[in-house]
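Across the two complexes that follow, subunit A remains constant while its partner is subunit B and subsequently subunit C.
The block that comes next holds the complex of A and B.
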């Protein structure tokens, strides 16, 4: 993959949120989920909006540390189906997309498969307010 | 052909006029009355038959001599592989003639009498072999089906045991006999037709075929066996020695167990189609004239039963395993309050489809009682009217209402609290259950008391006229998918309580994910049946990217990662 090609988190198949600088990611098509520690989350969030690896490298305060690892990290995320090339249908990301410079301090993705059968296909919930769930309680 | 029929009738009249020796044998669902002369002693059937006590309602069989047999003028027609004259189907006669051996078996299905000559001299054991085609013809004529299977019974409930040769049928039956079960047969049983009531199974041959190195040895008090060189097994004829151990009385069928060395040592549910592949070939192969009809009937019989498969297990575990399978609901009409089920259907603006969901629940057949709890969560459409009308039609439906919208989790919890049945099932308003869903799942839970809950596969279905939502994959609609969703779940009430209620703070549908994950963390044994149990309706109103739904799922996963017992 060319470092100049933009990539983005594979939404809507992949959802995530960040709490306490730690990200939890779910791939809804496979039912696998992932955990990122704070340093890894910092890199992950760069792809909340379409970003090329090159631009990610440019935004890093420690490009020398990142450069040797970046291609492997990106290839791994693409291989797991967590990143993809933007197709113009991207909706607003559900995580903050930071613009300030950041520091690369390593990247470790923990993958879990124990809930595959529960999370896979789970998005099929009746969530349309006109046709079914959900309805938040007024007030 | 008509000339042959005239010959057969004349031969029968002649045999009737000279027969002086009568024997009566139990023969599946009927008696077989054998008419012979003292000179027929060398062809008289021997062994492998149960002596009957009555001559009523029997099928008259006339043993005919060689001269009579040779005087019959058979038409020049191609014989089937079985030696039967297929054209004979055009009359009431069914004729089996083997010109190489001189064997003749001709059955007048209208008058229910038969002529038989064994052809070349037969050893005593083979003199009863004619019973097999005769039995099959009569069984088909009576609307029944004969299965290549054994059966054991206790308290009037029978388990049919099928499997290929040397799969362990006789071992199972031997172990069950030692444990006080009755045996109906180890190789051939007849199932009576039942359009409405329970089907019943009858024993046919009171024999047990035992290989020379049996897992469970023959009992010391069994009579001396005959050696079956073809099967390389000893044949024990046990009609006179088993006492109540062998029963020719019809027994209600509780289920089918398919023995398969490749299967796990704990019974698991076997899909009907797979069972047919394992049971039908041997059965159909013995009905060369009625293959299609027999296949249809075999499917009809099996389709009503809980079907399990099991592999090899220690001999000491066999009888308890059979006992557990006999305890599952099957094709036997009885009420068992320990199998009652509360069905929870949360409803919010579900008027369009909820009627189908309710109907699919009410159509479930199983021995326990069913209560369908429909809880309306402040709908603004006609849901309440639909539910009220349904309840007026069927007393098993209970309707509850939330005055204000509380969300799906709270609504499901309300249904759980309202009921008191031993088992709890959920059904979403857009979904519908497959026939047999509850029976199969109750059967699975009955076979494993440690199992806390059972799910199954889901079939995804697009609402007619709507495009496939972009968040779905095409292959999801091509074949059943794993279904860890409320509509596939059947859970013991005590297990639901142990895991705890659905999290009512999850307003957007992630409550079930959270519940399943909690159950997983607690290490509660569960099983996903490899059969479809529910159809899930997918429409454009479902979507994966609903922010609230994402939040609930992520909360459930984060909780799973951090709370005690989490797998990681």
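The block that comes next holds the complex of A and C.
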């Protein structure tokens, strides 16, 4: 992808929260969630508002360290459905969009799948559109 | 009232086509996915919460290391979105309602009974035999953990004392699982068959070591006049008397307490007392009338807060 193309966090399918300086990201369409350590969170937050990879690079105090990795990181985030091209409906989730320069110290996305059952379709009772909920399935 | 199921596709589009006056969404993942797409309709949106999942996951993490440490935090993030974006959120227990208001400031949360249990006849006396019943599938973490713990820790002692004792497990489990001697797996059975099974049993068990919210299985047992042995998690949200007891239930946490409680139900007088009190409690508190009254209050409140 062209480094000048703006990208943004894939809200509302993707939500995130930062506690301390670590982010938890949840993809509501898959039920997968991700943890980011502080250095990774610093990069992630750059996309809380529409930002091109080029602008992310420009805001980085250590562009030489980031440049060789940036395309792979962005491609991975897009591939996982966590970033997308803006469609004009974006607002900054959590109001968390830092503007000050930052330092690239690596990026690692830790993925978890143990909430897929809960965040996916009804995990406990089966719903029948005709009979309603709850009802016992026939033996 | 129309019921839409997400798995049938385009739930938001189908909901919009109905021109609803109000939307009720159950389950946190579904709410978080659907609410932004229904909001433009301009109708009140209610989050019908099953329980506080992040609380349950936090408790579950104590017993199962395979659950990632971040799971409760991630779940709380989703639930924060549900509770704070809903015009009104509903929970089945007062305790959880208070907790939700504290956890998610600004959320409008009310409690109402979720379950309307069908009228069932009161048993004339204890059944013949020593049948124990568990109702629930293994896909629900507390059920799987509870039954596995019961079979490992409690069941051998029960069988040592009463070789005739049998346990019937009802619900969706892996049939190939190695069930111990005396344990029968029924699979999912029809309502009438389940009613007959509960009437033939001496005790219904709910060995839940973690969980959140009101447990339908406990109410289901009690509605049949079937005494219950269960943990504190099995009776969450149910009314307690001054001594902390719940009508129709013997509380048990330790292995010794479980063995003692189940053994004590061989006493026909105790069995009948528990049977009557549990049956009466469910008939009063979880009738269809009580459910309708609660639902009407929720609908009225949802319309009021969205004005």
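In this section, the second predicted complex is superposed on the first by the 118 of 139 C-alpha atoms of A that agree within 3 Å, B and C clash if a C-alpha of one lies under 4 Å from a C-alpha of the other, contacts with A are read in each partner's own complex, and residues count from 1 in each chain.
Here is the rule we go by: contacts are C-beta pairs under 8 Å (C-beta built on N, C-alpha and C of every residue); 3 or more make two chains touch, one makes a residue touch a chain.
Since the model is a prediction, treat every value here as computed from it, not as a measurement.
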Of the partners subunit B and subunit C, which touch A:120 in the superposed model: first, second, both, neither? both
Counting only touches as set out at the top, which of subunit B and subunit C does A:28 meet: first, second, both, neither? both
The shared contact residues of subunit A with subunit B and subunit C are 12-13, 15-17, 19, 24, 26, 28-29, 33, 35, 112, 114-115, 117-124, 127, 132-138
For the subunit C and subunit A complex, residues of the former touching the latter: 3-8, 26-30, 32-33, 36, 50, 53, 57, 66-68, 70-71, 73-75, 77-78, 80-81, 137, 139-140, 187-191, 193-194, 216
Subunit A - residues contacting subunit C, complex: 12-13, 15-17, 19, 24, 26, 28-29, 31, 33, 35, 112, 114-115, 117-124, 127, 129, 132-139
Could you list, by residue number, the parts of subunit A that touch subunit B in their complex? 11-13, 15-17, 19, 24, 26, 28-29, 33, 35, 91, 94, 110, 112, 114-115, 117-128, 130-138
For the subunit B and subunit A complex, residues of the former touching the latter: 348-350, 377-378, 404-408, 428-430, 458, 460, 471-473, 476, 481-485, 507-510, 513, 516-517, 520, 528, 536, 538-551, 553-554, 557-558, 560-561, 567-568
